[in-house]
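This is the structure, below, for whatever I ask next.
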């Protein structure tokens, strides 16, 4: 497969950069923790109330934490010229986009998935909902990273792109959020959550299959 | 045999046709230096040749994966070391060998240093070493000698000469004399869209409505 | 003669200029007549006089969706065939579509208050329109944010394609998430309980009126955009900024 080693090299470089000083690794996780801390301050400490809204809070918190680091996916590479070079490298730009979204998921989405059950305890999430939370986040967060990469690709050359990025990306997150939170809610209520999980998986697969082409097109437009 | 052939090329900058009627051919061992005042469209022309921008008119013929482009920004990550930076770009371009490039750009003593701690000239040398590891025959260079001192300019000229000697070619925009007497010079003033005697033709979206 | 000839700016300006007075007159007559006729209909036995909001609500909601469809088609034409008028028509349509969505939402709220006893309900249809409104906002904001007109047209085109897919996905996701109170499509021929003719004919008239209103606003806005581009291009030719 041509371009394969190049894509692995890009993935490893992005992971390395994220974990080095100034890479911003862990910021999303800290933000997620803050959201889960602030919500009880806002709605009151009653366990019964928190346990009812926990699925939604955890999903919205994970989504916002993911949003926080989206502009970094392409902005730094745009500034230092890496994006020009990647666009002329012997690797399809679509592949580079997919790899960079994957790196974003590994450094931002995956830690959120792993931390979510812990933060669920803060919000009195019922124990039987925890597997559903894990699975729905595991299925859904890759779509968040990929759609985020699309938003980042559209806004990469813009001044004040950050706010616009949120405005463009958040409506795209609606289906993933709806099915994800619904699965956890059903899990918490002891109901069967297969249907929302299957729909969510379908959306993630569709996103991963189609969005790299749209994002690569947006990058080519922005590089001209 | 020509490595890069440009025929009657016109490029636009900021919605205006900048230069037009540019024609040249680069064969193995040939170098061409573009000259012209700031803003005439040298960068735009080079980006068009590199395939990053569409041409307004004309043809560009080059073998696929022949062109290595280097601009003002070097594509370097400050948090990675010199070796890590070079090895990454070597892998992206499907090559493993970086020692020769380190040697040629005199970076041997700096290999373990993070790129962020290098001086401007050292960074520039690292950026040029990236060109070497790409292994591509046609170098398209935008102001390659910015922030280089006299010794480094000579080092760079030597690298270009070695590249030409190995059957490569180079297209460069530069203001200073590189000490490459064999390089031809193309003055873009003669191709400026406003000086060719015709009405300046703007390009781009709005022009469709004029 | 090909339909694409109308994508030529000069031809578009000439024909749209000739058609515009008729379209505007038609929009004014149909909308006013439809709304007045609708206002004079007898109150519904269940919903009372509040049913008359329908004559604005339903056509606005239809145009809100159809406007996005029109933008999708225009974006595809721009991306595939590079007709500049098409890109500008998509740009010109977006604020009209956003306004139609807003009208549908506000009239929906005003109708919901007497009927369901609440101004806002997270009903699938209302929620879908709220999401559609967000898509319109993002699309408009992207046109505003990108300075290079070629890039703006291309990027908004890509956003419109991706947005359409996710707007449809959201529609079905929202349906799954909350079954809702909203009544179904009362106009569909297949459905058993059809709306009585007393309401149906003024409603048809309002639909035609709002469609013509959309068309006249679209033509006016597209013509303005074309004139702005023409001015900018002529200024660029003379070397002025």
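For this structure, a couple of remarks:
When the chains are written out, they are named A, B and C in that same order, and each has its own residue count from 1.
The definition used in the following text is that contacts are C-beta pairs under 8 Å (C-beta built on N, C-alpha and C of every residue); 3 or more make two chains touch, one makes a residue touch a chain.
Predicted, not measured: the structure shown is a model, and the values here were computed from it.
Note on interfaces A-C and B-C: more C-beta pairs are in contact across A-C.
Chain centroids computed from C-alpha atoms place A closest to the centre of all protein C-alpha atoms shown.
When you average the Cα atoms of each chain and compare centres, the chain farthest from chain A turns out to be B. Measuring from the averaged C-alpha position of chain A to that of chain B gives a distance of 37 Å.
Chain A and chain C have Cα centroids separated by 32 Å.
A straight line joining the Cα centres of chain B and chain C is 48 Å long.
Residues of chain A in contact with at least two other chains: 224. For chain C, residues that reach two or more other chains under the stated contact definition are 150. Within chain B, not a single residue touches two or more of the remaining chains. Put simply, chain B touches chain C in their complex at residues 15-16, 199-200, 202, 204-210. Remark: chain A residues 5-6, 8-10, 13, 16-17, 20-23, 79-82, 84-91, 223-224 touch chain B in the complex. If you check the complex, the residues on chain B that touch chain A are 47, 50-54, 65, 67-69, 71-77, 79-80, 84, 88-89, 91-94, 130. Per the touch definition, chain C reaches chain A in the complex via residues 131, 134-135, 137-138, 141-142, 145-146, 150-151, 154-155, 158-159, 161-163, 165-167, 169-170, 172-174, 176-177.
Those residues of chain A that touch chain C in the complex are listed here as 150, 154-155, 157-158, 160-161, 164, 167-168, 170-172, 174-175, 178-179, 182, 195-196, 199, 203, 206, 210-211, 214, 217-218, 221-222, 224.
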